[in-house]
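Quick heads-up: structures coming right below.
First chain A sits with chain B, and in the next complex the same chain sits with chain C.
Moving on, here comes the complex of A and B:
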């Protein structure tokens, strides 16, 4: 791998946004994700390669640390900032089709529930894994999911809930989606969830953390 | 029947940086330095971000159904399950409480996240959680002092949604409090609004016990606060 890509990957993992950002101290004064992604493009590196070999692996590294308990939510969010700074330079290539995403992921907090921190972190992580994310927000009714699936027939769906009382609404949503789209892949997550509950309501996959979902989505996309 | 209401200024809560750092999962030493800015900012603007209200109602109408680990408050039965039942069963009266940090903190956190700054939004959100728990600590302290003066003791606080006690039972709990108590509303799905709110009960009696280490009786293995408070 080129030196620039390697450094870029590091910046994303460590959350070094640009040259001016003082953190992490070990990279003080050096180029950050912003400058290095531009440099990579100037060096003629294919934008898809920049995304797949530097940005996604950088996010994935911090996601793995998080799921092992070696990093916490803030570090994931700082890495996301660095990734966003790099993506700014790649944006035009999405429009021209020179960069392709892995797929579309539609996520929402189920109706009756207004929590969005957990959902936002999942959305950000999956976007960082190269997916186009459609965030439907909170208090999302089954019809809204169905409507969105009609627009993006190949999408994968993610549902989030924070309390047992609202988790029950996942069952309703899964049922309505599966009625119309029996093969639709549906991921579920949130504090009160469990593998048992996922099995019981017929969802496709449960993960306690975002990185588990990313690993699963790799298999779905393959 | 006694109803006590409290409202606090954020500055009365004495929330330090450490509370936020611990709740994020770090120690002073392991905190990544880039989060310092967000922490300082939220701590400085605490007074404008919070609208802290809370209180309790004490009822002496307390009955028990030991066979099903149920407590009856004003003849309303609560299925509190074994763990909480064991902790509270010697109570002669019970304080039903609710407390909120107010709506603003959540609105602002959501706005910040919408504008794309998830990190800052997260720190604000976490701050709201710490504020409401700290305010409830003060209310509990005040209740304890009042009871000690009467020769009584109090238990820990117990909330629906913990140790087998269903979140849905909040409906019954709020039916025993005045309407719109401290500005808190319960939605059909048993979500309290504002988001940064807590509810529950505290036992009162001559021979009840306050347990400093409740983590070992609780069944929430992934709780953010597990073993943190008393470290």
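Moving on, here comes the complex of A and C:
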């Protein structure tokens, strides 16, 4: 791998946004994801290669640490920021089709539930895995999911809930989606959930951490 | 009324209340409904919950104001009613508590993250100020900043409570994990690091709540005690993790199960013991029974 790509991958994993950013102290004064992604393009590296070989693996490394309990929310957030800084330079290539995403992922916190931190982290991780993410926000009703699926027929859906009381609303949403789209892939997650509950409500997949969802999505996209 | 801190320093073990959300739902609070709105339009039911914890033997009860901050209330169109909702919450609990039971004004997290620029420290401080003033004016004698996961937010809450109210200031954080991977807040703070910062920020009483069952609370309490042997320590555990059985939310830890863990908790240095999600007046009655029997 080119030196630039390797450094870029490190910047995403460690959350080095740009040259001026103070975090992490070990990379102080050095180029960050912002500068290095531009440099990679200037060096003539294919944008798809930049995405696949630097940005996605960088996010995946931090995601793995997160799922092992070795990294926490702040580290995930700062890596996502570094990723976003790099993506800014790749944006034009998405528009022209020179970079292809793995697919569309539609995510929302179920109706009755206003918690968004977990949902946001999953959204960032999946975006960092090369998916286009449509974030419907919190308190999302079944109609809104159906409407969005109509717009993106090949999308994968993700449902989030933090409370035991609102977790029950997942079942309602899964039923309504499956009614109309029996084969729709639906991922579920959130503190009170379990594999049992996922099976019971007929969702496709449950993971206790975002990286699990990324691994599963790789199979879906393949 | 004697301060909670004084009572603990004189050797008392005190009992706090258990869950409010669980009780509100059992009284008909609907999913997606604003729990704090009930202070205004279902006063009798809220008072009933407060009374049920008093008669279960609690030395202190909370207020129905966990989500009573501007940001959460705004979502329900009650952003202009922060003062009214929180004052009513404290008045209800004070009515049930009388003069001898402490009222802890509950202040939960805003759900905004400081490090992403969701909210500035100034905005956060003002948000806490508005809620805490109302809780004190309704009769709270302590402010309980609870279920915190972000140390910066917790510290901001302590600062606000200290500067704005005359109340005793309690702060609890929520740790996830187990013996193998250790315990951390969502932001990666260990119980030791949290204890150090909360004490430095000026909390009179610190502790931990929610979590994943009472057994782990013994471990967390032990870790906090490594840092400080004296600071009054409040422990409010969930009744285990919830599961759905036949469409109903069931918590795994029964009052009898929890009762078995009270002595171990006291032995590692807990001074106030109560409950969090899934605990009921029956859990508190059992805890009070164990504590008061051991006093002989």
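In the analysis below, the second predicted complex is superposed on the first by the 222 of 222 C-alpha atoms of A that agree within 3 Å, B and C clash if a C-alpha of one lies under 4 Å from a C-alpha of the other, contacts with A are read in each partner's own complex, and residues count from 1 in each chain.
Just so it is clear, contacts are C-beta pairs under 8 Å (C-beta built on N, C-alpha and C of every residue); 3 or more make two chains touch, one makes a residue touch a chain.
Note that the structure is predicted; figures quoted are calculated from it, not measured.
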item	value
Partners on chain A (chain B, chain C) - clash or fit	clash
Touched partner set for A:197, first chain B, second chain C, both or neither	second
Touching partner for A:105 - first (chain B), second (chain C), both, neither	neither
Touching partner for A:166 - first (chain B), second (chain C), both, neither	both
Partner chain in contact with A:74 - chain B first, chain C second, else both or neither	both
First (chain B), second (chain C), both or neither touched by A:116	both
Which superposed partner A:25 touches (first chain B, second chain C, both, neither)	first
Chain B versus chain C as contact partner of A:124, first or second or both or neither	first
Contacts of A:145 with chain B and chain C, given as first, second, both or neither	neither
Set intersection of chain A contacts, chain C complex versus chain B complex	72-75, 77-78, 112-117, 164-166, 169
Partner chain B, residues of chain A touching it in the complex	15, 21-25, 72-75, 77-78, 80-81, 84, 112-117, 120-121, 124, 163-166, 169, 191, 208
Residues of chain A defined as touching chain C within the complex	68-69, 71-75, 77-78, 111-117, 139, 164-169, 192, 194, 196-197, 200
Chain C - residues contacting chain A, complex	21, 25, 31-32, 72, 75, 111, 113, 115-116, 177, 181-182, 184-188, 241-244, 247, 249, 277
In the complex, chain B residues that touch chain A	24-26, 32-35, 110, 113, 116, 118-119, 121-123, 125, 161, 166-168, 187-191, 193, 195, 222
